[in-house]
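Structures are listed in the sections that come next.
Okay, so chain A shows up in both of these, paired with chain B first and chain C after.
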Partner chain A sequence: MTSALIADGLTKRYGRRSALKDCTLDIPAGHVVGLVGPNGAGKSTLLQLACGLLDPTAGRIEVLGARPVSGSPQVGFVAQDTPVYAGLTVADHLRMGAHLNPSWDAALAKRRIDQVGLDPAQKAGKLSGGQRAQLALTVAAAKRPNLLLLDEPVAALDPLARRNFLQGLMELTAEQGMSIVMSSHLVADLERVCDHLIVLVASRVRVAGDVDDLLATHHRLVGRRRDTADLGAGRALVEQSHTEVQSTLVVRSTAPIVDPSWQVDRLDLEDIVLAYMSGATGDGPDRVLEGQR
Partner chain B sequence: MKWGGEVIEFHLDARSGVAPYMQLIRQVRHALRLGVLNEGDKLPTVKEVVARVAINPNTVSKAYRELEYEGLVIARPGLGTFVTRTLVGDSLSKHEPLRQGLARWLTEAREAGLDDESIEALFLSSFRAFSEARG
Partner chain C sequence: MIWMTWRQFRTPALATGTLLLALLGGLALTWSEVTQLARETGYTGCQGDACRAAGEAFLQALQPGWASEFHIAAIGALYLLPALVGIFWGAPLVARELESGTYRMVFSQSVSRGRWLLVKLAAGCGAAALGAGLLSLVLTEWAQPIDGASADRMNPLVFAARGIVPVGYATLAFVVGVATGLLLRRTLAAMAVTLLVVISLQIAAPFVVRPWLAQPVTTVSPLHFDGDFGISMSPDTGRMTVHVEPDRRGDWIVSSTTITSTGAEFTGPADMTQCGPRASGGREACQRWLGEQNLSLKVSYVPGSKFWDLQWREFGVLFALTVALSLFSLWWVRRRLV
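Right after this comes the complex of A and B.
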């Protein structure tokens, strides 16, 4: 498995504040990878380090096997809130893209602009949020990068614009086979478009894996209150909550759980992500991460 | 019925907890069982599915590979993915005896003192364990 992005002890400090602290992860290439986590987990910092906009304070980062360089033709970046140049027209954006990028695919850019119905003469400042996002995606994709990084690209969009954006993104993925890493809070969207997911909490990878595997191996167990120390081999406790009489557990287990004293339910991806995010306190991380790979 | 072009449209239920690729597989099998899809019909291309459903292309490929492995479809490079057999009649004739067996089991469960919810829970957990054990 080749890697799109490798971080090793990666740290970014602003004065005394750490935006990313000792982050170690390995993002596989050839996937659409979702990066989720609470605000302040370091997702944006990680993406900005990956496209060379920031330099690390400590540690190592490798993107497509090399140290990231700002403006690399191999890496496309769509920043948070999909910024565009308000005073320039849609056509100006494409001309600028062509001028700045030797690998620019003018046919692709034109086709996408037509497809999403953007008027080339329109000033970018007059575009709707959804149109602006489509323009930013077009400019990033027409570079024909091997890796596309997107930071919360759909957070500010209405549901229809969001769906349109993700349709466009997936179509580009299907056509060009590029690797994608996108951060988002909208886990339901990520469940559709991502085949690999990373949950980042306080610069730490809480869980990483293929979406299908994550869905297949996580279970919610509800039953009479009991000591959770003995879950059995091959089972990892992700999250637990107890009342006087009842225990509710989120458990990761590759083997099916057949135990009539528990009611066993499936979890959707959002439930799984939330379990890892809220299970992050206490004795968690190292035990939970056992057998992750 | 249709002539040329793709026949079915996929949709995703994001809150089902069922992996997206499995949802696609189930929708194809369902269409085969209902006779919506027949031998020779073409499935939408990966790109068409992706553009319509906003779903990861690898997921669609994975579902199609799985269907091909099951012998339900065949991929013809450059042409598309085609249905090779139908599931209509495969099981419908066997429904009645199975239904009777299930009714007998339900009677037994009742006689053993289980209420509706216990029966349902028992069935669901057994069913899930059974299908998971069979992969």
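Right after this comes the complex of A and C.
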């Protein structure tokens, strides 16, 4: 499997504050990858490092096998809050894209603008948040990058605009076959479009894997209260909570769990992500699972 | 990149261009007035000593008309232009992109940051040089009879509004604006700092930089007190200074001091029986007494013939600063920004 993005000990510091600290991960190419984590986990920093907007303080980052530089035709980027030029019209943005990108796909840009119902003569400053995000996505996509990075593109949108945006994104991946890495702190957004998920908490990868695998291998166990030291081989504890009489565990296990003393439930993606995010806050890093890639 | 630069730059460029065109139009309309007056007063084609009187008459005749108004306006515009270019063209160029976050959009197109800034710097400097150069060229041509008659083009105030120096100030002010915007990352703060820097430059130039560049000639000549001179003295201490206007038409007088035979500046003490309110002999007695003090006039001046030499030197310094600041900005946007 080739990699879209490799980070090794990647660190970005602003003065004494670390925005990203010793981050190591490997994002496979050819997927729609969701990068999820709480605020301040370093998602934005990681994506900005990946498109060359930022330079790392330490460590190594490789995007499509090369050190990222801004202005690369290989990598597209839609920044947080989807900035556009307020004084320029929608059509001006497309002309900008055509002038600044040798690989510009004018037909794709035109089609998308029509599809999402943007008026080419409209000033971008007068667009709604959802329209602005669509415009930013169009400019980034019509560049025809091999890798498209999206930094919380839907965070500021209402549910309908959010659905439209994600719909547009799915159409793009189906048509163009580009690799996409999209960050969000809302799992529901990612569940709709992503086939690969990375949970990043405090610059560390808590879990990474294909969405189907994650769903298949995570279980919630509920039973009478007991010690959780021995779960058996091939099983790892993600999160635990106990009451006087009852223990609730989230466990990752490649093999199905057949133990009559446990009531075993399936988990949805949001539960899994939340388990990793909350499990990570209380426990030491030694309890953390590295995902199988 | 050129289209994008033009698209973002066209509004301020057209606004400044309109102002310049209005001034150029005014100069064009009054052109015939100036040449006609110069001919009527006999200044054009005058010979030898008659020129001075004819020149005075020409300048007198020029006073009430539109021509002198446009002259002052054009000089004012050439002083104002660098500040305007720095504040409204230079300062927002990068600062606004950083402030509104659009730098993240444009830097993720297939154009490197260095090239992005280079094209913008080239366009802005080119436009600033074109505007300032055109106005200065027209003004220098237009004011040729006036400068000839008044012999005043070495005057520090006029000097920076003639020839090629205005081009240097306009381009430098633009790059100063860009660099401050790049460093401060706030449009308003960058505008304020740019204004401060440009004005300081314009003040420092005639007082510090230009005398140093021009390397003035110094002469010492004995004073005779038969022409005009001014005296200021304190009647209590007898401290007195003498001011004599050196007769150096067309030259730039950097400094002029009255010195004693030892070479020190003459500060008195005055003979209170000859000079001052309690003296009985009046101005003649004081004049006679001063004549006996063996005083000389030490003048440091730049000859008017060095006008173009000095223009090129000052332009050279401004141009070198522009290039240095541009290179710094290019380095910064590639290496240090965000």
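In this text, the second predicted complex is superposed on the first by the 281 of 293 C-alpha atoms of A that agree within 3 Å, B and C clash if a C-alpha of one lies under 4 Å from a C-alpha of the other, contacts with A are read in each partner's own complex, and residues count from 1 in each chain.
Going forward, a contact is a pair of C-beta atoms (placed from the backbone, for glycine too) under 8 Å apart; a residue touches a chain by one contact, two chains touch by 3 or more.
Keep in mind that what you see is a predicted model, and the values were worked out from it rather than measured.
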| task | Could you tell me if A:158 is touching chain B, chain C, both of them or neither one (first, second, both, neither)? | result | neither
| task | For A:8, select first, second, both or neither according to whether it touches chain B, chain C, the two together, or no partner. | result | neither
| task | Kindly classify A:86 by the partners it touches after superposition: chain B alone (first), chain C alone (second), both, or neither? | result | second
| request: Mind working out whether A:114 is in touch with chain B, chain C, both or neither, as first, second, both or neither? | output: neither
| query | Regarding the shared-chain residue A:166, is it in contact with chain B (first), chain C (second), both, or neither? | reply | first
| task | Could you look at A:103 and tell me whether it touches chain B, chain C, both or neither (first, second, both, neither)? | result | second
| task | Check the residue A:72 against both partner chains and state whether it touches chain B (first), chain C (second), both, or neither. | result | second
| remark: Where chain B and chain C land on the same part of chain A: residues none
| said: Show me the residue ranges of chain C that touch chain A in the complex, using the header's touch definition. | reply: 1-4, 7-8, 100-102, 104-113, 115-116, 335, 338
| Inside the complex, what are the residues of chain A that reach chain B? | 31-32, 163, 166-167, 169-171, 173-175, 188, 191-195, 211-212, 215-216, 256, 258, 260, 263-268, 271
| chain A contact footprint on chain B (complex, rising order) | 12, 14-22, 46-47, 50-59, 62, 121-122, 125, 128-129, 132-133
| task | Flag every residue of chain A that touches chain C in the complex, lowest number first. | result | 48, 51-55, 69-73, 75-79, 81, 83-88, 92, 95-97, 99-103, 136, 139-140, 143
